[in-house]
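Each chain gets a letter, A, B, C and D, in the order it is written, and its residues are counted from 1.
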Amino acid sequence: MSRKAENWDTSWQKRAADWLRDGTDALDRAMISEMTEAPAVAPEDVPGAADVFEKKVHEDQQKEKAIYQTLHERTMTRGLHHARVLYRVLSILVCIGIILSLLHAVIEMPVFGSPDSPVVNDVSRRYIEDGLKETGAVNIVAGMILDYRAFDTLGESTVLFIASCAVMILLRRDRKRDGMMEKGSLPEDRDIIYEPHFDPILQKSAAFLTPVILLFGVYVVLNGHLSPGGGFSGGAILGAALMLFRNAYGVKNTRRFFTGRTFTTVVFLALLFYAGAKSYVFYTGGNGLESGIPLGTPGAILSSGLILPLDICVGAIVSCTMYTFFALFRRGEV
Amino acid sequence: MTILMMVLTILLPAAGALALKLIPGLDGDRKRLYLMTGCVLLADCVLAAITALCGDAEWTFLRLADSLPLMLKSDMLSRFFCVFFTVMWTVPVLYSYRYMEHEGHDRRYNMFYLLTLAALNALAFSGTAVTMYLNFEMMTLLSVALVLHEMTKDAIAAGLKYLIYSIAGATMGLLGIFYLATNTNGAVFVPGGSLDASAMTVSPTVMMIILLITIVGFGTKAGMFPMHAWLPTAHPIAPAPASAVLSGVITKAGVLCILRIIFYVVGAGFIRGTWLQQTLLTLSLLTVFMGSMMAFRTDLFKKRLAYSTVSQVSYVLMGIFMLQPTALTGSLLHIIFHSTIKTTLFLAAGAIIHQTGKTKVSELEGIGKQMPVTIWCFTLASLGLIGIPPTGGFISKWNLAQGALASGTGIFSWLGPVVLLISALLTAGYLLPVTIHGFFPGKDFDYEGLQTCECHRFMLISMILCVAFVILGGMFPGAFTAFFGRIASSLM
Amino acid sequence: MSASLADHIYEVASVILFGIGFTTLLLDRNLIKKIIGMNIMDTSVYLFLASMGYISGRSAPIGDGTAPSAENIINPVPAGLVLTGIVVSVSVTALMLALTIRLYHRYGTLDIDQIVTLARKGDEP
Amino acid sequence: MALLRNVPFASILACMVISVISMVFRGRIAKVLSYLLTTVLLAASLALTWYFVQGNDAFVFTMGHFGDPWGNELRAGLLESIMAAAMSLIVLAALAGGSYMIRSEIPDGKKNLFYIMADLMLASVMALIYTNDLFTSYVFIEIATISAGGLTMSRQSGHALASTARYMIMNLVGSGLCLMGITILYGTTGHLLMGSLHSAVQSLFENGSYHLPLMASLILLTVGLSIKSGLFPFHEWLPDTYSYGVTAGSALLSSVISKGYIFLLIKLYTRVFGLEVVRASHICILLFAFGTMGLIVGSLRATQAADIRRMVSYSSIAQIGYIYIALGLGTQEGVIAAVFHMLIHAFGKSMLFLSSGALIQASGGASDFISLRGSARRDIPAGIAFTVGAMSLTGVPLLGGFVSKIYIAQAAIPRGGLYVVIVLLALAASTFLNTLYFLRTVITIYRSDANAEATRHAGPVNSLFLCAMVILNFGLGIASRPLYNALLSGLNMFI
C-alpha cells in the first residue's frame, strides 16, 4: 500500500508509468491542452441543441484563447528574463576575457613608434614614394583613400547615405500624416519651443561667422589633395555653418535656400557622379585599360585627377547629411 | 520489363489517388468513389502478381550522395511483401464502402488509403537502406492521415503521438543507416548481408550498439518495446478498416525493415550468439508477454485488439531474432496469418460498433444472437490467433517453436516456446470471452430484448474472405512453407 | 611586463578603453549611455590604429610637392582607415540617436529593458 | 566572356546606383527598380556561374589601377557566384512575394526608403561575398547592419522599434569586435588584402612570432561575426527582430544578411587564416559546442512558442546552429556542408517566412495557432509552401534539409570519435523536436476551423513565388549532387 504523493500526476514516475502503458504521456498532454474539443456530434444531428452547441464551441474557443494567452505571455516574459540573465553573465565574462586577452595580445604587438614594425612595409612605402606621381596628390592620405583604396571611401559615403535614409524612415514626417508618428513627435509639442526667437546676439555673431566658416569649409574641401583636410572634414565644417545659420535665423530663412528637395538633389547628383566616376576608374583599372585622366602638375589646385571633384562631392554629401541629421532631429523635417 | 512492372505497381495507386482528387463530383457519389478505388486496387493486385512472376531486377534511379544510392530492387522478399501488401489492402475496401457511411470525408480517406499503398509498395521494392528509410518516412506521413481521419481532439493527439514516435524511430534508424552506408558501400541489400567485420571503421561493440538503436528504431513501427506506446493509442482511433490495415499490414512494414537490416545489410553471422541477439530476444519476448497482459486487462474492444497486435507482431520479431531458418519461416508465415486474422478481428469489432455502438467487451452479452455471422468469423479468427489447429496460426507458431528449439540460443531456445504458450493462453483469455458472452449470455438474460442486426453483406464478405484464408492456409500450408523456406535458406 | 606595458602604452590605453566602451554598450540599460559606450569603443580602436601608424621622429604624410622618401614620413594607411571608421561611427551614432528619440517619445523611458517590456505588453504581433 | 569579369564590381555598383536613384522617386518606381535590379543581378550571377562551370578559374578584379597589396580588390569564384545568384534570387522572391505585406505595413511616403534599404542590403551582401579586402568587408558589414535595422524598423510599430534597438546594439557590439580584430590583424601583418594577408599569416605562424595577437584577432573576428549571425549564446535579439519586423524584412534578414556574415567568416577561415590554423586554434570546438547548444535550445524554444512567426524565428536559431556545427568540424567537407546548409536554410526559411505571412494574412492578421486553424485551406499555395518548408527543415527525404543533414553527418564521420556521436545525436534530437513543432503546426493549419474569418488572400504573386521555391526545394533535395560538386570545386578555387 504505497500512498501516492499529492503531485503524483506531475511526478516523473507517473509519466514513466503512463509511457509504459499507453496512456497519454507528457508529450500528448502538452498537445491536448492545445487541441479544441471538436464537435463530437454535429448540431443538426441533435435537433434543437444548435444554440447550446454554439455556446459550447464559443466557450471552448474562449478557454483556448486564455490558454494561449498565458502560454504566450509565459514565453514572452521568460524570454525577457533569460535575456537579462544571459546578457549580464555572458557579457561580463566576455568583456573581462576580451580585456585580458587583448592585453596579452598587445603586449606581443610591435613596439610603439618603432620604424621596423610589420606595418611599415612596401604598402606604405609605395603610398609615400610613388603616391605623388601615381595620384598627383600631395596629401598622401587623400591620395590613398580616394585613389588607391577608393572603394572603401565609396562604401563610406554609402554608409552616410543609408544612415540618412534610415533617420528619415524614423523621424521624417510626411506631408499627409500617415498616422505612424505617435503623439509627442509633433513639432508643436516637440522642441520647437527651443527654436531661437531671433536672438540678436546670436544673429549678429552668426551674420559674420557663417560666411567665414563657409569660406573655411570650402577651402578645406578644395585643398583636400594639397593640405590636411579633405571632403569629410570640410563637409563637416560646412554642415556646422549651416546649423549655426539655422539656429540663428530659424527654419523659415533656412528653408529659403535649403529644403528637403535641396538635400535630395545634392546628394543624388553627388553620389551619382561619385559612383559614375569611380566605376569608370574601376572598370578601366579592372580591365587593365588606361584611364586617360590627366594628373596635372602636383601642388596646383587643379591637379591629381579625380581627387578634387571627388572631394567636392564628398564635401557636398557630408555637409548636407550633417545638416539633415540636425534638422530631422529638431523638427522631423528638413 | 520487371523494372517497368515494379514502377507501375508503385505508381498505379498514386495515380489512382490523383484521379480521385481530380475527378469532380465524387463527393456525393460514394458508389462510384469506392468502385474506382476497388478497381485501382484490383488492377494493382494484377500488376503485383505479374511482377511476382517476373525475375529479379534492380534499378538505381538516383544518388543522393556518392555513397547513398536510391535503388529499386525486386527479389523474393520484396515480391512477397508487395503481393501481401496489395492483397491485404484490397480486402477491406468492400467493407469500408458500408462502414464509412457515417464517417464522411470518403474521398480524402480513399486518397490517402491509396497513397499509403503506393508508399508501402515502394518500401517493399526498396533496394538500399536509404531508399527504405525514404519510403518509410513517406509511409508514415501518409498513413497518419488515416489515424487523423476523424479530426477530433483525441484523433489529433493520437495522430501526433503516432507521428512523433514513428519519426523518432525512423531517425534512430537513419542514425544506423549512416554507419552501415559508410561501412557497406551504400547499404545495398544483398542476401546474407555485405558487412564484413574485419574492415569496419568502428569497433564491433559500437556497431552493435548502433544496430540495437537502429532495430529498436524500426521496431517502433512494429510496436516493439520500448517504443510501443503509440500503437494502442493510434490504432483504435482510426476508422475500423483503417485500423485493420494499420494493425495488420503497416506494422509488418517495420518487420520488413528489420528483416532487411539484419539479413540483407548486416548478415546473420555478425549478430548470431552476441549480446545483441540476446537483448533483442529479451525485448521481443518482453513485448509478447506485456502485450498479452495489457490486452487481457483492457476492456475497450479495439484497444484490446491493438494490444494483441503488439504482442503478436513481436512473435514475428522473435522468430527473426532467433536467426534460424525454421523460425524465420515461422515468422514469415505468421506475418500473413496474423495480418489476415487481425484484419478480421478489427473488421468484426468495427461491425459491432457500427451496428450497435457498443465499444466495451463487457457490454457484448448476447451479441452473438444479434450478429451471428460476424461473431462466427470473430471466433474462428480468434482460434487462429490462439493457434488451434487446423488454422494458420497453429502452423506459424509451430514453426516458430520448432525454430526456437533448434536455434542454439541458450535459455531462449526453450524460453521462447514457453512464452509463446503463456501468451497463447492469455490470447484465449482475452479473445474468447467475446464469443462466450456473445453466444451464452447466461440464463438471466432476456432474449426477447434482442433483435438481430446483422451487418451488411458487403462488410461480411471481407471478413469471410479473410477467415477462409486463415482456415485454408492452415489446412494446406505446403506452398507457403516451401516458399518461405526458400527465402529463409537463401539468407542463412 | 611593466616595461612592455610602458612600450605599448597607447595600445594598453586603447584596449582598456575598448573594454569600458564594450561593457557600457552591452550592459548599460540606458540607451544614451549605450551610444556613448559605442563611441568610446570605436574611438579606442582609432587610437589603436593611430598609435600603430606613428613612427617616432617622422613627420605627417603631407608632401611638399617634391617626391618624399619613406624614411622620414609615418605610415599613412592607419590615417585613412581611421578617417573611414570615423564616418561610419558617425552615421551609426546618428541612426541610434534617431531610434532613441522615437523610442523615448513612444515609451517615455530610455531603459531598453523597460522599453522591451512595454512593447511586449503593448501591441501584440 | 571578358565582359563577365566585370559582373562582381558591376553588381555592387548597380545596387548602389539604383538605391541612389530610387531616393528621388516614389515607392512604386522604387519597387520596380528593385525588381529590375534583382532580376538583372540574378541573371548576371547565373551567367558568371555558368562561366565558372565552363572550367574557367577564379579571377581577381582590381578596383582601380593598383592591385594587391595596394588597392582594393574583388575576387570571384564558383562559390561566390553561386552564393550571389542564390542571394539575389531570395531577395527577389522576398520583395515580390512579400510586397502585399509591404503595402500594408509601411507608410506610403517611406516605401521608397524601404526599397533603398533592400537595395543597399543586397549591395552589402554582394560586397561581403565578393570582396578580397578586409577593411572593405568591415565597411560593408556596417552597411548591412544599418540596412537590416532599416528593414526591420520600416514597420513603424513600437515592437519593431524596440526590437530594432536590441538588434542594432548586439550588431554594433559585433562589428566593434570585428573592427578590433581587423586592426590587430593589420598591426601584426601590415596588410589588408586577403591574398597578402594569407601569405603573411602563414609565414608568421611558421616562425611563431605574434602568435597571441593573431589568435586574438581570429577569436575577435569569429565572435563578432557569430554575434551578428545569431549563434547560440548571442541569439536573444533574433526572435523579436524576426517576428516583429516587416515580413519581407524578416525573410531577408534571416536568409540573406546572416548568410552574408557566415560566408565572410568562411572566407576568413579558408582564405586568410587557413583551415589548419583554425583547427589548431581550438576555436572550432567552441563553434561546434555553441552550434550544438543552439540547435537544441532553439528547437526547444520553438516548441514553446505560441505564435507562428516566433516559432519560425526560433527554428532559424536551430538552423544556424547546424551551420556552425558543420563549420566547427574545421574540415573542408564541413565547410562545404555548411555552405550547402546555408543555401538550403536560406531557401527554406525565406519560404517559411513568406508562407507564414500569407497564412497570417489569410487568417485575418492573427498569428496565434488558434486563428491559424484551416488557414492552409484558405490560401492553398501558402499552405503547401509552409508544409514543404517545414518538412524540408525537419529532414523529410527528397527535400533539401534531408540532404544537407546527410552531408553534415558525412562530414562528421571522418572526424571520428566524439564528433560523430554528438553530431548524429544532435541531428536525431533536432529532427525529433522539429517534428514536434513543425508538423504540429502543419496539422494545425490544415484543421477544419470552427471560426473562419474574413480572409484576405496574399495575392497571386506571392503564390507564384512560393510555388517556385517549393519546386526549387524539391530540386535541391532530389538532384543535390551537381550543386554539391559545384561547391566542392568552388571551395577548391577558394584555397
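Note that in this section a residue touches a chain if its C-beta (ideal position, glycine included) is under 8 Å from a C-beta of that chain, and two chains touch if they have at least 3 such contacts.
All figures in this text were calculated on a predicted structure; none of them were measured in a lab.
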Between A-C and B-D, the pair with more C-beta contacts: A-C
Most central chain, judged by mean C-alpha position against the global CA mean: D
Rounded Å distance, chain B centre to chain D centre (Cα mean): 45
Where chain A and chain B are represented by their mean Cα positions, the distance between them in whole Å: 61
Distance from chain C to chain A - Cα centre to Cα centre, in angstrom: 15
Separation of mean Cα positions, chain D and chain A [Å, integer]: 19
Contacts with 2+ other chains: residues of chain A: 27, 31, 36, 38, 72, 83, 87, 94, 98, 102, 106-107, 109-110, 117, 119-120, 123-124, 127, 149, 152, 156, 159, 162-163, 166, 170
Where chain B touches two or more other chains, by residue: 151, 156, 160, 164
Per-residue overlap in chain C, given as positions that touch at least 2 other chains: 18, 22, 26, 52, 77-78, 84, 88, 91-92, 95, 99, 102, 106, 116, 120
Footprint of chain D on chain A - complex, ascending: 27, 31, 34, 36, 38, 57, 60-61, 64-65, 68, 71-72, 74-75, 79, 82-83, 86-87, 90, 94, 98, 101-102, 104-110, 117-124, 126-127, 134, 147-152, 154-156, 158-159, 161-163, 165-166, 168-170, 172, 174-176, 178-181, 264-265, 267-268, 271-272, 275-276, 278-279, 281-287, 291
Contact set on chain D toward chain B in their complex: 391, 394-398, 402-403, 406-407, 409-410, 413, 416, 424, 427-428, 431-432, 435-436, 439-440, 443, 447-448, 478-481, 484
For the chain D and chain C complex, residues of the former touching the latter: 135, 139, 142, 145-146, 149, 153, 157-159, 161-166, 168-169, 172-173, 176-177, 179-180, 183, 186-187, 192, 240, 243-244, 307, 309-310, 367
Residues on chain C engaged by chain A in the complex (per definition of touch): 1, 4-5, 7-12, 15-16, 18-19, 22-23, 26-27, 51-56, 58, 60-70, 73, 75-80, 83-84, 86-88, 90-92, 94-95, 97-99, 101-102, 105-106, 113, 116-117, 120, 124
Touch list for chain A against partner chain C, complex: 72, 76-77, 80, 83-84, 87-88, 91-92, 94-96, 98-99, 102-103, 106-107, 109-115, 117, 119-120, 123-125, 127-129, 131-133, 138-141, 144-145, 149, 152-153, 156-157, 159-160, 162-164, 166-167, 170-171, 182, 184-185, 190, 227-228, 230, 232, 298-299, 318, 325, 328-329
